[in-house]
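Shared between the two complexes below is subunit A, which has subunit B as its partner in the first and subunit C in the second.
And then the complex of A and B:
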């Protein structure tokens, strides 16, 4: 039987990070993955990540994936693909199935990074072709260039539901509604706002009653639910759709850990059955670690840090580095991780009703219910100011650990400070040059450059634009407000696309002066549906 | 190109594909790209139903697209229960609707 220092199961963000960290310390590492490509779900993530520089913020997920693969190959990590780990014993032996054979391997340490699987909900017709996981839709469009459907209804308003809805729009699909049984949007308000201003309606406190169709989905009926989640009669609404996407959470795939005798617990906050781990990610079986979604559902950013932590701990466990060195590295990583676990969406705040921001500003009710902040609410946030000439308007209203906007502005116009979750403050005294770096750097696409007095009658609004076809200079279309309603005519004054903006185009439109704080999206009615 | 394919993506650009090849679905000739999952080529061709269940003869299609749920299985080159979402397409493949576990409607 072949032996390794360290076996890692799963070549996603946490598994690869663990492998890199361990290999850097000199361990012989092998990573097994059942898929024919490494990277887990990272290559389907085409949005810019949140966080700070340490967390690779404002870099798109698939680019982070490329970086990880390069780093892994540079330090000699051996990734074995099409290799499904079907069993694990407590003596750190695993069973691997490849195309035509079953083999056993042994290691002195094992890191389980198997990730999670999508949850489903059942309703009449849920097994019809056309009902699919949101992850499936993501796989189709972002990995294979296939549209999941023409008209899509999304169930689930967590970040997955919101992000995939936006990606469906980017792929050229129509999202007819976003539905959630909860009374409030579960994911980041900025993600919701991106789709709301494109005109996607939100139906909170609604659920799917049935999917219609004989052989495949042709329609869907939703209905409103009361506070006990019972459907209220007479509230049924029908939509013609060919696709229903389910984004109703993830469950850790922790079977291997249970099989090996690791102590487990049912933990709803972590998404289901997870191993009990110590601060180093080590399970109750010495030398077996669990990292990433398998030990509790979180973001890829935190999964990568957890991977690195377990990697260095495995190195120390096997004597490849001393305890002091490990603790030093671990403390640094722990700080990075803790900073990601702050703010309104922190794991510790799951299920809590937060009414005020850290700054004491009332959280926008409209944002939680409809997906966009109302015009009067927006004025109460420190990123929203008014002055003569060009200035940024930052519609970032929830405490999320993220600060690329602060780094983007070289003229100190934007301030977040030490605490990553603080709302960005616009310094009215600083002069905005209109470079647009902050607009492109904002992972939530929540920054606009506004010139309230462009000329006698008009204002300009510069907004992030990630759709095709790109509008052309001087073309005329309409401006949409935060809710996606057409509010006025608009003329394209400028469209900027540079490498540093990383595919976030900066579209500047001219609108009547009184629309400066309303116009937040643009449509050309001739070229777009 | 099929309208179900994304011609150009605002972030990902023009999708990278293998060479254009032909395969058959229930005896009809269909085009796809070498190496892409069979299910994706079928989706591009507009196919929704991959199989009918054994007992109740209910239609099933792609659900997870990553080889976990096994809802999209079909008879590929004579082999039933092939997960089409993770099986790379090859020139001349024979893909058939699966009824229960066979290629014949019951």
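And then the complex of A and C:
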């Protein structure tokens, strides 16, 4: 039976990170993954990530995946694909199924990084073709280049539901509604705003009553629920759709750990059955670690740090580095991880009703209910200022761990400070040159460059634009406000796409002066339906 | 023995619901009514339900329905979901063709 120093199950963000860290310390590492491509969910993530430079913020997920693969191959990590681990035992033996055989392997240490599976909800017609997980829709679009449908209803307003809705719009689908049984939007406000300004309506406190259709989905009926989640009679609404996406959470795929005798717990906060792990990610079975979503649902950035932590701990456990070295590295990683677990959406704040930002500003109620900030609310945030000439307007109103905008501005217009979750402040004394680096750097697409006095009658608004085909200079269309309503005519003054913007195009539109603080999106009614 | 598994508890009679014919386990085509009835037949754990009905033992190995089944059992028993013992995990975790299973390398 072949033996390794370290076996890792799962070549996603946490598994690869663990493999890199361990291999750097000299361990012989093998990673098994059941898929035919490595990277886990990373290669489906076409959006820019949040966080700080250390967390690879403002880099698109699939590019982070490429980086990880390069790093892994440079340090000699052996990734075995199409290799499904079907069993694990407490003596650190695993069974791997490949194309035509099942093979046993042993290791001195094992790191489980199997990730999670999508949850479903059941309703009348939920087994019809056309009902699918949001992650499945993402796989179809972003890996296989197939549109999941033409008209889509999304259930679930967490970050997955919001991000995938935006990607559906990018792929050219109509998202007819975003529905959630909860009374407020679960994911980042900036993600919600991106789809609200494209005109996607939010139905909070609503649930799906049934999917219609004989052989496949042809429609959907939703209804409003009361505070006990009972459907209120007479509130039914029908939509013609061919696709229903479910983004209703993830469940850790922790069966291997349970099989190996690791102590488990049922933890609703973490998404279900998870192993009980110590600060190093080690389970109750010595030398078996669990990292990433399998030990509690979070996101890719924290999964990568958890992976590195377990990697260095496995190295220490097997004597490839000393305890001091491990603790030093671990402390650094722990700090990185803690900074990601701060803010309104931190795991510790799950389910809490936060009414004020860290700065003491009332959180936008409209943002939580409808997906966009109302015009009077937006003025209370430190990123929103007014002055003569060009200036950034930062509609970032919730404390999330993210700061690329601060680094992007070389002219000190934007200040966040030491605390990653602080709201960006626009420094009115600094002069904005209009370079647009902040607009492109903002993973939440929440920064606009506004010139309130472009000429006698008009203002200009520069907005991040990630749709194809790109509008052409001097073409005329309409401007949409934060809710997606058409508010005025607009002319394209400029469209900028450079390599540093990394595929976020900067679209500058000319609108009447009084629309400078309203116009937030552009549509060409001839080329877009 | 925890009281969740206490078979002498009275969980009341089985009351039919309008959506009892809704499929819960797609792989094995088990309906909501069948799962609910199984609880009233005395199956108070997910493991028992699996053996009794085969739900969660098909192609996806319970990846899709296990939470839903757990929720149904909890509701029928009138207890919270986290008190319901989860199903046993055992190899093989994924479906394996017999031909492949027979071709074993490195086992004892």
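Quick notes
The criterion applied here is as follows: the second predicted complex is superposed on the first by the 529 of 529 C-alpha atoms of A that agree within 3 Å, B and C clash if a C-alpha of one lies under 4 Å from a C-alpha of the other, contacts with A are read in each partner's own complex, and residues count from 1 in each chain.
Criterion: a residue touches a chain if its C-beta (ideal position, glycine included) is under 8 Å from a C-beta of that chain, and two chains touch if they have at least 3 such contacts.
Everything numeric here is computed off the predicted structure, so don't read it as measured data.
Aligning the shared subunit A places subunit B and subunit C next to each other free of steric conflict. When the shared chain is aligned, no partner comes close enough to touch A:356: not subunit B, not subunit C. In the superposition on chain A, A:251 makes contact with subunit C only, while subunit B stays out of contact range. In the superposed pair of complexes, A:525 makes contact with neither subunit B nor subunit C.
Contacts of A:127 after superposition: both subunit B and subunit C are touched. Using the contact criterion defined above for the overlaid structures, shared-chain residue A:135 touches subunit B, although it does not reach subunit C. Legend: residue contacts after superposition of the two complexes on their common chain; A:34 is shown touching both subunit B and subunit C. In the superposition on chain A, contact of A:500 is made with neither subunit B nor subunit C. Of the two partner chains placed by superposition, subunit B and subunit C are both touched by A:117.
With subunit A as the corner point and C-alpha centres for all three chains, the angle toward subunit B and subunit C works out to 60 degrees, nearest 10. Between subunit B and subunit C, the minimal CA-CA distance in the chain A superposition rounds to 5 Å.
Subunit A residues 34, 117, 127 lie at the interface with subunit B in one structure and with subunit C in the other. Across the interface of their complex, subunit B is touched by residues 34-36, 46, 60, 62, 117-118, 127-133, 135-137, 139-142, 144-148, 170-172, 215-216, 466-468, 503 of subunit A. Of all residues in subunit B, only 3-6, 8-12, 15, 17, 36-37, 40, 43-44, 48-50, 58-68, 71, 85-86, 88 touch subunit A in the complex they form. In the complex of the two chains, the subunit A residues touching subunit C come out as 1-2, 34, 84-88, 95, 97, 99-105, 117, 119-120, 122, 124, 126-127, 251, 253, 255-256, 258-259, 264, 266, 268, 272-273. Here subunit C touches subunit A in the complex through residues 19, 22-24, 26, 32, 63-68, 81-82, 86, 89-94, 96, 99-101, 103-108, going by the rule given at the top.
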